[in-house]
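Encoded as structure tokens, here's the structure I'll be asking about.
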Amino acid sequence: MASTPTDQSTQCSQLLPKFESVRGFSHVLSEPLEIEDFVVQSMPDASPIRWHLAHTTWFFETFILKRFARNYQPINPMYEYLFNSYYNGIGEQFPRPKRGLLTRPTVAEVMTYRREVDNRMGQLLLEASAEESMVIAPLVELGLHHEQQHQELMLTDLKHALAQNPMYPTYDSSVEPPTGKTTSQSWQEVEGGIIEIGHAGSDFACDNESPRHEALIPSLEIAGRLVTNGEYLQFVQDGGYNRPELWLSLGWNTVQSEQWEAPLYWVRQNDAWHEFTLGGLRRMDEASPVTHISYFEADAFARWQESRLPTEFEWEAASQYVSEDGNFAESRYFHPAPPQATTGLCQMLGDAWEWTSSSYTPYPGFKPPEGTIGEYNGKFMCQQYVLRGGSCATSKSHIRKTYRNFFPPEARWQFTGIRLAR
Amino acid sequence: MASTPTDQSTQCSQLLPKFESVRGFSHVLSEPLEIEDFVVQSMPDASPIRWHLAHTTWFFETFILKRFARNYQPINPMYEYLFNSYYNGIGEQFPRPKRGLLTRPTVAEVMTYRREVDNRMGQLLLEASAEESMVIAPLVELGLHHEQQHQELMLTDLKHALAQNPMYPTYDSSVEPPTGKTTSQSWQEVEGGIIEIGHAGSDFACDNESPRHEALIPSLEIAGRLVTNGEYLQFVQDGGYNRPELWLSLGWNTVQSEQWEAPLYWVRQNDAWHEFTLGGLRRMDEASPVTHISYFEADAFARWQESRLPTEFEWEAASQYVSEDGNFAESRYFHPAPPQATTGLCQMLGDAWEWTSSSYTPYPGFKPPEGTIGEYNGKFMCQQYVLRGGSCATSKSHIRKTYRNFFPPEARWQFTGIRLAR
Amino acid sequence: MASTPTDQSTQCSQLLPKFESVRGFSHVLSEPLEIEDFVVQSMPDASPIRWHLAHTTWFFETFILKRFARNYQPINPMYEYLFNSYYNGIGEQFPRPKRGLLTRPTVAEVMTYRREVDNRMGQLLLEASAEESMVIAPLVELGLHHEQQHQELMLTDLKHALAQNPMYPTYDSSVEPPTGKTTSQSWQEVEGGIIEIGHAGSDFACDNESPRHEALIPSLEIAGRLVTNGEYLQFVQDGGYNRPELWLSLGWNTVQSEQWEAPLYWVRQNDAWHEFTLGGLRRMDEASPVTHISYFEADAFARWQESRLPTEFEWEAASQYVSEDGNFAESRYFHPAPPQATTGLCQMLGDAWEWTSSSYTPYPGFKPPEGTIGEYNGKFMCQQYVLRGGSCATSKSHIRKTYRNFFPPEARWQFTGIRLAR
Amino acid sequence: MASTPTDQSTQCSQLLPKFESVRGFSHVLSEPLEIEDFVVQSMPDASPIRWHLAHTTWFFETFILKRFARNYQPINPMYEYLFNSYYNGIGEQFPRPKRGLLTRPTVAEVMTYRREVDNRMGQLLLEASAEESMVIAPLVELGLHHEQQHQELMLTDLKHALAQNPMYPTYDSSVEPPTGKTTSQSWQEVEGGIIEIGHAGSDFACDNESPRHEALIPSLEIAGRLVTNGEYLQFVQDGGYNRPELWLSLGWNTVQSEQWEAPLYWVRQNDAWHEFTLGGLRRMDEASPVTHISYFEADAFARWQESRLPTEFEWEAASQYVSEDGNFAESRYFHPAPPQATTGLCQMLGDAWEWTSSSYTPYPGFKPPEGTIGEYNGKFMCQQYVLRGGSCATSKSHIRKTYRNFFPPEARWQFTGIRLAR
């Protein structure tokens, strides 16, 4: 975001179109849903759609309107408690695993809440002085990126909820994702040495991408495309889920306790593999990237292939060679698609988040922002792995090459995939 | 669904008005609800309203239409699996604790399901021959009583779900339950000896009320009315929840692990006790019966009072002296009310289910019906206690003096109450 | 116990030989053990042998020596906490599931504790006046019966602990239990009517056997002997563990969650069924009574046989026809044996505790003793079933026809068996 | 076991004295124990002493004797199953959480097992040819280091078990650890740049210390000594355990669910802080290092101090400046002691394992050894943190500056401590 406000426009007023567009996309995503679909929480890690819509609104109300809007009266004092996710600095939180037990505020009431907050936000963005804007605009940017994160979670949480239903309901099958013909894997060289890692410049980035710093990486080869369903199927057929020597110890425990035998949404039906997708149950396409696998599975697959996962630094080094195009939420495929090229480095952005072998830790010298906003990222830097590149459920305007996503190694409900290195 | 039984009316055709009325009452109860309220399951023991509406319909489809309706095609083959509660004879069941994770069929689709089954049922009831009626009519009766049971559960499950919400939503506050002035307890004598227990005659009754048989009871005194909130409050204030000597061992364990300090829906707010009711949060009325207490609490209270709970046989013996009037679902109070008389035996029917000290066991010579319908009651005769008399959530036409309800001793979400004996 | 003390002897002094004999039997039972065997607790329901030896001693110290012995100084103040089982009236208890984590006091120290308490008890029994004896003697009787209960638990807890070891260690194989030839089941008639139930007379009995009262029983037939391994094997081979229609609902849940496929200690080895016994792993004898089955299994077996379990009143009525002989702990078989006769009512006492269909409830008018001793039985009268008749691990002098043992329906580690009725 | 290597001494024969000494130290550590102490397992992460003694013996039997000793007959075929820790390549393992339920083989039998394996090992070491020695000697080295690891676990597992006992039993109080006078913290500079990390040379090292490789570290200051009890007490008194802003999110969850309020073995008694030690309960010494804290606590303390934990690379870079002396198991303090110097870098080796901020990951290019021995380390490289420097329970001959120990962030039962960086 370039910041050269003219006399009449402030940083804030310039943000208004983006504010409306990002907030509006939450409604676009909600359109195909029945009211019932907004309510359920299919596991503690997921949240009801109702909750996502309210929480992202709560974020603007709590961190911006309550602090900066004149004479602001909270729309409902109880919402502060109900829709606080994990900000201890704000106060106690309604217990996360019980989010799916609430039926009020209703979807209609949540939509009213959104509308009212949006109105006040619109007013504030227009009226804020240039000086006020310097404080408010970065918070608005953060709030919009926060909303985009939740838009991705809306899709993945919804998919998980619909998958509980043996009738395999369809969310949106209006756009059919392409299928393809499998190409052989190619390998791209990445030169070793000291490289710069992390966000540079004045555009928006999350705190966890800073500070930019030097890192030492070895020379390596990185796979030209994501691992395909077809390749992963060979791993399954080779007994991959029954061979402890391929797995981390915790991974093997999980395979056994959870009785994993295939990726999360693979369904064996009438002697053929299918995938449950947001467009319903579909025949599995062997050329498309495997998705919904845990770190444990990605790691075991790599070992089976006698290769490994890249570190997040290696990934970031490789990413300099690629454009920022990709299969994002805008495609409305809501599913990874086969690579569009057969050479070069493909699918680095979009399609599926790529597990790296890097634990999620602070960059050297990392300091979370002062105050409650500082709870956004830093306190989660433990027992998670970094994923890079975004997915088919990520908005194009949300992702960056320096973006660090993170999940625990057993998580499977995100659009996760595998890129190999060696 | 027109109902014009001809002269040649059969048992079935005579049942049609009752069929329409009972089935319709499920919709009456659903009217105040938002769509969101139909979806949630607040604990494994409870079910979503959607599920109750569908399951009671499934009962008619499975046990009647599939067997007796000509050329009957199941409305959706998947419903057999989704809406089977616990009939192993029918097939596998969708896991009970996951009922609240389903969003489809939607409420509208469930209502369509009900309408279609009702149409076919109406047709069958009109067309069944006198001979067929002899088989079908008892099943219809059973299905209607089954639906009435679920209507009560709809109210108690809904109350439990709404209670999860710190905003204390109101279900229906159109009829305010009366409050009263506490009267002192009176005691009624019941003569001992050999008495007849269980259902007699040809009216409908559940299998667990049979066979009628002799039982020996001692002479006793039974309390004239239910224990009031005011009396129970004294127990609370006397440290009842902190004195292990008053409790069964399992009860004491439960008090500690669940951190019970008062009945389920008592709420301390602004230095006064309130009750969460289906009409919202209300100031506690001391003259009204205490409700939503477990067997453990009823038993501890009785011990504190140096009295005891009656056995189910003693209760049935005492019940011969009372009329069948009471505070039932028809009052739309949906809450127990103070006794209407100050002498005699009051509140035996309606208001609150009365915990007896009797474990739920088969009557001597009990045989469950042949076939899957035999799973209705018999297999639950273990680790539960018998409750008698119905509650403010029971339909008047559903209850009988010989009726045996049953719940595990820790259950609190039903409208349960305490009648003492000595 | 007749009580006609002579001039020189008091009730207490007359008890001394019995005191020494019962206390000594705990040591007899401990002899075959390695020190390691005294330490472990293989499940929360079981206790280490060390703990049993100390707790039974604690009972005498707490309820007798501390109250009646002159200038009595507790041997170790910490023992009051460590060896209190469940008496809230005495104070807090060391958490039951952690009993197996303690290594001190050592076995040698526990033995010293026993010796010191025995010395003081011996002294007290000799010195108590006739008047004091009237208070003390009943407590001593209670303490000795309490110790005999724990002697049985020592055997069953030990068996459970040894069974965890894939090497199948032997406790005592000095006396080989007899095997036999299966005889066909015979049925004995029991006449119905009003009978007297419960303990009569001045001999020792537990509080739960009182008050004696009238009960009404139907006429019935009761099986002449216990169900044999051979009969139970037919149930297993007939798919008994895979047929939900044979089981109570809770039983079926347990079969599935615990993956039960046979009685607790049945072991399939080299194509033959074996039983793990206190004498080691032995080939299963088809003529011997089946043992280590839960109430759920007893009930399902009876249903499969188209018969039922007797109530505890029916059992007590039938017991008047039998002698008090049987296969008790004194035989040192420590395992049920085939019936010695082929006609009449056999094995009513000894061999295996017989599950009745009666929930464990207080007899009409039951009052637990005043004070902490009142915690002995009454507070457990919930969610358990009554068993009658004693077992091969019970001392002959401990059992009575009116004796009521009780366990939850899923318990299998006691020597439990099945007698049918119809 | 005589050891008279001839002139033609082999690598194996030269190892014999070390073999005898290391194996003997397990017995030295066992001497103060009662038999009961060898049996218990106080949590799934810990093992009984019996098991450690047997498992370390199993290691030599399985990986050396079975492969290299002529005509070797396993001492007991069941031991292969019972004493296999986690080597899937060898076969199934007796379930880890049940190790404390076994009472056989007895301690005496385990000692016999050790003696027999030691005899055969002694023979093999003497008789192995120079060529054979090249294969066997590295395995013996590994087995001895493995035994030393378990010797440390014997001490920490034992401490955890004894701590369950409210009588606070003493293991060994023969040598009183010194107390001291608190000195102020000093800070040592470490220069940044590319450094060599990992093991070099031909001495023994674990696979996880290889390959030696370059890493880039920033310039930093590292604390001159470990954080003291006194400093940590200030954190406690400043409400450290009640301030979520100081904690990682998982750490805060753990503090709340486990109700942590102080380090694991701190005991408040008579208004003074004590520590449970292997020498019994002792008054807390403020100058001694705090120990038995989790990564979460180390991290929160550092945040409270406005500093941080070092990475493992930073620690290794700093370690080049220190000697290899320290307070190890040989001191028999079995507890951390105050620093001996007031300047320079103290306590880097010995006293307490130092939590680093580094997740436990493979070094670039890491390859576990072929075969089952490869399960030793690699498969645990997930969800653990690296600790450096050894502790008061580590043998001096076991530790190296490149040594990488690892535990999950919630682990507290090891002798863990805190060194700050900034």
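Note that the chains are named A, B, C and D in the order they appear, and that numbering of residues resets to 1 at the start of each chain.
As a convention for this text, contacts are C-beta pairs under 8 Å (C-beta built on N, C-alpha and C of every residue); 3 or more make two chains touch, one makes a residue touch a chain.
If you're wondering where the values come from, they're calculated on a predicted model, not measured in any experiment.
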* To do: Count how many hops through touching chains it takes, at the least, to reach subunit D starting from subunit B.
  => 2
* Structure fact -> Here the gap between subunit A and subunit B, centre to centre from mean Cα coordinates and rounded to Å, is 46
* If you average the Cα atoms of subunit A and of subunit D to get two centres, how far apart are those centres in Å? -> 39
* Whole-Å separation of chain centres (CA-atom averages), subunit A against subunit C -> 60
* **Interchain contacts (touch definition) - all pairs** => A-B, A-D, B-C, C-D
* Structure fact -> Residue positions on subunit B within touch of subunit A in the complex are 34-40, 42, 50, 78, 81-82, 94, 98, 100-107, 161-162, 164-167, 169
* Structure fact -> Counting only contacts in the complex, subunit A reaches subunit D at residues 86, 88-89, 194, 213-216, 218, 244-245, 247-252, 357-359, 361, 364-365, 375, 379-383, 409
